[in-house]
């Protein structure tokens, strides 16, 4: 039942580049407020920012064996996504595994459990998003799978989906819709640029985005003083 | 039932200046350990520090419409306080709204929900205290109110109350007692200055604050070794 | 029933020095993944790092009296460990107590409750690991004990045990086994140094640590594509 | 600063009777989805159900002194609401206090902390809604206030407001709007009775409440199969 | 982008019947400890127990519109699974919707949010598993989808998968493997029946399941006394 | 390093009998509000109530091997206490192990993790206190220890200590002080009986326990109305 899938379909590299410029919040909006992992996923350092195709590993409780197995099927530019079969705060990942992933060109890790060796990983600039930080180690005894669809922090991630992660969190973009989301995101950025310029002058958003009319229609009353 | 109140009574500007020097912990002590918002409220960057009169917005779940409406009634120096009618981790606030608030002179935001665009808000030096960081966006469809009394992170905040927020958390000072609290805080600072000088020399606090006597009275036994 | 124990057995100073170089994660592994405090314990600033013999204080809810009492029995180089008799997020510790501890040479604090004055403690470089940050103060009315065995963040800590704390968390090493753990840790570091060098070249860990064989034995199937 | 207020304005007894028949969910809807305490508040037994005017007590951490003080100012039919000045899971209330409250005709307790003696309180049929169950006791040393406005489980409760609590949670109704809410609730019940009768026959709500049209307007597509 | 899918493939009815006899724990074991929803999902009454094909609804924050839309495409025997696009404790479901679901033969509800009208739903014997109980209502304004794959309480659920829920929690069985899991579960039950008979006589499991040998091999030492 | 200790010192049987009559809350008070396990420990059914000497097992994450090993060294009347080396919600214990424990006369289980087969365990009247309910199973591969001192739900439990557990939670009484605690508890019960009788007549506790005087001394003001 457990398996390692060697080859996966990866998204278009140009699309990944665009998505990386957009960031988590814009991407999430561009795909209809879908795809965000639970906000308990936090970067181990504030400047962490990464975008790339997902390779996935499903691990058993207190066991990081399948992270080791996943390295072999990774390609430079990938982002590894690790799900666990039950809630855990243990430290499944540290600096040695980070060294190995970095040597293979993997750009970052999304881990629905704990991370350790934070000082070293920060110095190496290997970004990790995790549920917590914990020095509690794991074993390498129980098998799971690599490159199957997994649920990580309440979101479905399939191998080859695009992962964007930054200080605002982690979002997954299905490979099939990545190009459309990238385009929608660019449109959004262009539109926001204009809005920002108007807001900077002190213009009120509610005067040009229809909120004033909505408030009136919804019966919100303005009074001078209570 | 929903309303926007345009004018509120604000606290004395000199009092706000003094409170800003005191900080959250001292103010909280000076008013009898009252007024602290729940400690899940954290600043999005460590140097965040702000003090000013509260303008308040009450939002519906997944809807940030009333933040837009609150900007119009703000004044330079205000701190916006946003409460929501049910528990939410969504990202009600980001960089565009931050730009607008900053353009109107609002000094910071206290938000009982999620915040996003943390990189941009940090670069702009617009401080936010929030329950979490989340890229999950909201809509602008359901009406709430502006400048009514709200409960934010388990504390009552009324428009015109003073909000002090720093790395230790967020405290609210009722407008009516702000001057008295500022005075009590200054007294406390002066007293602590003396205590600090004595402690720095290695003098034991328990020798000059009555704890040694209390311990004896309460039957605590000293033994050399177990 | 409550007592203050003046003299405790401390671990060998050379052993403490070695343990300090190893860090939390290595020590935890070296003693068989034992001794880590719950991962909710976090440092108030990222560079915090400390190692030393534990002096312990057991406090009552909302009362920090026994921290005051513990200072007198501390020695330079100690690390104070504070447990509370019921769950609390209040701020039991701030800058004044930090000044006093620092004056007595205490190197840091492990606190199963809230900490405040984080800006000042960071400026003083007095490291604290705590459950949360909260400006909510405490009183000094109810007695507890000093230098008895306490449970702090789900771990047993006895006076004189070694505490190592860094960005990965907090670990306790029983005094009796500290030398053996230090030795096992040094061995582990030496071994990891070699592993790290191999991983840096891109060599796969699963090729030299037996995982490939285990996966096969456990029936994990390799397939090219789904 | 701490005070005990002896006399409070209570709501109309007839209005309380009507609200009791409506229950928490209907009342909450009837006042515009406002007034619900945080859902962590749970009854100690499933059949617990109570409605009455609030008398309030504000307690310090680990101290239940003000519950004792509040009994004296209670009247038969009241519901006691206890807030604490910081997060606590301690057991502020047990069977002895329950005996005293029951002797004075108080109908139930809303407690933003822990409750104990659950077996005895259930046998006495004295209902309590609390954050948790905990046998951890408290002291009677630190003063708070009685019959002031408090924030309990994230809602403002003023003395004399109406509290309705049942298995769905706890809701507060401001005294001033209680009659209007009771009327709106009765209307709602009448309307729901008709809806229920139609739904029981298998009629689809979306066919008579406009949802089908809304879905079409919002662009939701119906497809037969994927 | 939002859609309602009318027809789904359902699992074999005989297989569902067998799975219902097995219960959550046995099914979870029979499919390799996979498929359990997060343990925060609890039944609203202890005797709740249900098994059937999943029909799914994806709802927006604070909006239960798609539960209404899902009823029309349900069939008798189905179990409805409701996911929400962001964390919410609001009460998306109550007695009126329960009446409608029951009229259409839907056997139960799995809801990754709050449930209300617990007294009425219990009296109707309509079982719900939810994250919490909350009287906080929702609106019917924002569209989602029906019968698409959803992530509910950290598990992927596709329309037509089998849902088994009882007091131990909720497990999802992919439609394709349901028959195999049912068979494996029956085997397990038969085997456990024999084990149970032996254990009842006081025989030690470690004497017939190989644990004694494993402990010896792993170096666990037996000592008489410390 | 891992070991199984065969013989432990058990407390006096008469003392255990007395403690069982007292219950968790009274025992906790009688030993100075010490010894309560974290309130997240809840019984799987309300009538669960047990008292007896602790036998302890320390388990590794996701592994219940040592529960099997602990049965052999149990005696009729014991209560098993299971700690795990890292946070876990998995279901370490179910009906088969319950059958075995019951066959050996073990009266109940305290488990700092998840429990499953709740329906069957309830029918067998085998009481369990656990952190949660979860059907997620475990393996039997990694060794731990039996009858060593463990930390369970933030309390130290040594083999032979007395465990009392009921609906109010779980308390541990050190073997050495059990007789003194039992005596203090009986005194407390006698005293409370008198207090209860007075309170039932409507007499105010604050009139005979000194609270009225304390309130006055602490400056609490009585006012008639606000």
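Note that the chains take the letters A, B, C, D, E and F in the order they are written out, and that residue 1 is the start of every chain.
In the analysis below, a contact is a pair of C-beta atoms (placed from the backbone, for glycine too) under 8 Å apart; a residue touches a chain by one contact, two chains touch by 3 or more.
In this text the structure is predicted, and so the values were computed from the model without any measurement.
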Interface residue identity across copies chain A, chain F - same or different by half: same
Winner on C-beta contact pairs when D-E is weighed against C-F: D-E
Geometric centre distance via CA averages, chain F-chain B, whole Å: 40
Centroid spacing, where centroids are CA-atom means, of chain A and chain B in whole angstrom: 30
Shared interface positions of chain C, touching two or more other chains: 2, 33, 36, 39, 60, 85-87, 89, 134, 136, 141-142
Full enumeration of touching chain pairs: A-B, A-C, A-E, A-F, B-C, B-D, B-E, C-D, C-F, D-E, D-F, E-F
Chain B residues touching chain A - in the complex, by the definition given at the top: 2-8, 65, 68-69, 71-72, 89, 91, 94-97, 99-100, 103-104, 114, 116-119, 122, 132-137, 140-143, 145, 147-148
For the chain D and chain E complex, residues of the former touching the latter: 23-25, 28-29, 33, 36, 39-40, 42, 46, 166-169, 171, 192, 195-196, 199-202, 204-206, 209, 211, 214-215, 218-226
Footprint of chain E on chain A - complex, ascending: 1, 32-34, 36, 38-39, 60, 85-87, 149, 151, 153-156
Chain A residues touching chain F - in the complex, by the definition given at the top: 60-63, 85-90, 134, 136, 138-139, 141-142
